[in-house]
Amino acid sequence: MRITRPFAALAAMATAGVVLAGCSSDAGNQAEDTADNSAAVETDVEFEAGTTMAELNEAGAITIGTKYDQPGFGLLDPSGTPEGFDVEIGKIIAAKLGIPEDGITFVETVSANREPFIQNGQADIVVATYTINDKRKEVVDFAGPYYEAGQDIMVAAGNPEGIGGPDDLAGKNVCSVEGSTPAENIRTNYPEATLTLFDVYSKCADALTNGQVDAVTTDNVILTGLVAGNPEGFELVGNPFTEEPYGIGLAKGDQAFRDFINDTLEESFEDGSWADAWDATAGAISGQEAPEPPAVDRY
Amino acid sequence: MVQFFIDNFPLLRDAFLKTLQLSVLAGLLALVLGTLLAAFRVSPITPLRGLATFYVETFRNTPLTVVFFFIIFGLPQIDFAVGFFTGSVLAVGLYTAAFVCEAVRSGINAVSPGQAEAARALGLTFGQSLREVVLPQAFRTVVPPLGNVWIAMVKNTSIAAGFAVTELTASLQRLSNANGGEILLVLAAVVAGYMLITVPSAYVVSRVERRVAILR
Amino acid sequence: MSAPVLFDLPGPKARARIRIGTVIGSLLVLAVIAFVLVRLNGNDQLDPQRWSVLFDPNSGVPQALGQALLRTLRVAAVGMVVATVLGLLLAVGRLSDHRAVRIVVTTVIEFFRAIPLLVVIFALYFVLPSFGIRLSTYAALTIGLVLYNMAVLAEIFRAGILSVDRGQSEAAYGIGLRKSQVMRLVLLPQAVRRMLPVLVAQLVVLLKDSSLGFIIGYFELLRQARSLVEFFTPRFGNEYTFQLYVAAGLIYIIVNVLLSQLAKYIERRSRRSPKTAATQAVDLPDAPSVTGQTSI
């Protein structure tokens, strides 16, 4: 019967698999030494009745929106567990609310649906490389910032195009992600650059490797992660030209919850858990020391 | 609402034209390549038949998104980097060619055997009888299915949004990120853009279908 | 086999020529394959170490791809079942004697055939919440696939129903069956059986289309492969990028080829079956217009 041909191919692949499984991969070796980093869960905490904190504590569950495509900040590991700096910040807040780790549900939020997710209650908080700005403040509130990023540029190693900053991008082919703030910034303020827009940054990295684009631009933390993966291929220009304070998005007008998160963040800045979270995630990838924590903005 | 359309008209117009351009170019590629493949599939030379069958089976069973990946990011691995628009035309065109091939082949099979027999009796070669007698008749029968392939292909160009082509779906992503409150308007505009191509096409197809049916 | 009327049975001379052509053709194909392999090797893409990640359970990659395949199959299976049921209803509706029903059903079918599935899925997930309807990525993808495929399947079933010999329904009316009974007891069973191969072929399409879930972040096979690439990129650069995408592509091809073979097998069986004898052979020349709109 003709059905046998695909089966034969399948068998050949399985054989190849058995042979290949003999030699272990870099990825397999690395996976074994992932650090286990979990914040200590508060066991007896009391919140004023009627507050969001009391509700969440009572339920023992929280839904946190984060991105699944930001190296070092929010990404799924092969087993499907979210990991990254944003994820750790989320865990710190959950722990302070007395919610154990298995009570946290992470949902993927992308740039297009972060505000709707908060407004519709699909996420209790959003920790998703979420830049605090006035337009967003009209519909949601922000705690934090818990990190200050800045838009930067990544180029091929050796910087063959001699790009030193955004002004040098004129006439160059610059890669970013469709609908993202960095892309919007280039479009508005540096219209002479040609934008190439994908849906994720890894495609930009591939395009830069292949010489299909001249540069990649987005927040420096994400670029650092990409450079770390391919230090022979890429380099960071290292000249941030915007300020991107990352905040934690929550429902508009929930002042008590916002104060609570701000307190939690400040505490984590002081007791070192913030720095630990950095070291275990973004820091582990980029090899960079934890920076000075930013000042919380209680607007 | 009016203001929204005034502000974003240039983007939507360019995106619409990009979708149209991508569709037309990919469609031409698919038509030419697909017809050639169909000729291969009915040719006397076994390896050509095998090659065409392999081509069709591979592309029919692969998601277009995967084809895109191989063209945009796979070709550079064999040192053939292509531009993103060119790559998208290639991806959509190569993929659709498999379906064009199948449609044309059924058309060839639908031409009465007497026609081919008569052509051969006149001493025409395989190539001649295919070119002069069978294909012209086959194309008339396959206009409706080809029209349907065309409509499906126009919609499939939406995948290029993920590969650096600012066509209609990409503009949907961009505008919905920037205008959360007006997402419904954005959606309506983009859907209208697609329907501007697909609905008239469907109309033409059904007209032709009716005419061909009478001719038969 | 496909159209032997197009050429004579080759004589000795022609056979020799064909043999030469065969050799040259095969050499050319081999040359292309060799060229690709050499170039890939030149870019170190054939390094076994880079491929072993696909089979090394410690990397978590085989498990991740396996589970993603299950998620893909789940969406496809649920989507197919629901789309088939709704497609049948729509097909019957489109053939209804009531003008209003016909117009509504035709509008629904044509609307979903006219807009890209990608846009439908996007709208279900990102636009519906502003009307208070929240869907999970799984639900949004499944519903999107259902909406599109029910429209396509409705057209397939309609063609199937119309392909049943008119004598069948005339005879059924003749023995006093009502309209709904004729449809339910006589036309549909034959039409469905007749269209079974096309149905399985449509499953292939649906399975392929499930890869469009990437736009809303459903972790089907392709999104999973991309996520693994994202995960490995900061650690190993593009060491595994090509390999992971090839793996995802191959899994799709294998599953779909198996399904296509199943479709062909069912078709061969149903051709022989006397139960479809009363249906016209719709695959020639009308099937292209049926399959043409479906299998892309």
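By letter and in written order, the chains are A, B and C; residue numbering begins at 1 in each of them.
One rule holds in what follows: contacts are C-beta pairs under 8 Å (C-beta built on N, C-alpha and C of every residue); 3 or more make two chains touch, one makes a residue touch a chain.
All of these numbers come straight from a predicted model, not from anything done at the bench.
In terms of Cα centroid distance from the overall Cα mean, chain C ranks first. Ranked by C-beta contact pairs, the top pair of chains is B-C.
Chain centre most remote from that of subunit C: A (centre = mean of CA atoms). Distance between chain centres (mean CA atoms), subunit A to subunit C: 35 Å. For the pair subunit B and subunit C, the distance between C-alpha centroids works out to 16 Å. The multi-chain contact residues of subunit B, meaning those touching 2 or more other chains, are 73, 161-162, 173, 176.
Shared interface positions of subunit A, defined as residues touching 2 or more other chains, are 112, 116, 199, 206, 209. Touching two or more other chains at once are residues 126, 130, 214-215, 241, 257 of subunit C. Per the touch definition, subunit C reaches subunit B in the complex via residues 2-3, 5-8, 10, 14, 18, 21-22, 25-26, 29, 35-36, 39-40, 42-43, 45, 110, 113-119, 122-123, 126-127, 130, 204, 208-209, 211-212, 214-215, 222, 241-242, 245-246, 248-249, 252-253, 256-257, 260, 283-285, 287-289, 291-293, 295-296.
Of all residues in subunit B, only 41-49, 51, 57-58, 60-66, 69-70, 73-74, 77-79, 96, 99, 102-103, 105-110, 113, 116-117, 120, 126, 129-130, 134, 141-142, 144-146, 148-149, 151-153, 155-156, 158-159, 161-162, 169, 172-173, 176, 183-184, 187, 190-191, 194-195, 198-199, 202, 209 touch subunit C in the complex they form. Subunit B makes touch with subunit A in their complex at residues 73, 76, 81, 83-84, 161-164, 166, 170, 173-174, 176-178, 180.
Those residues of subunit A whose C-beta lies close enough to touch subunit B in the complex are 111-112, 115-116, 139, 175, 178-180, 184, 196-199, 203, 206-207, 209-212. Residues of subunit C touching subunit A in their complex: 48-61, 63-64, 67, 125-126, 129-130, 132, 134, 137, 214-215, 217, 219, 226-241, 250, 254, 257-258, 261-262, 264-265.
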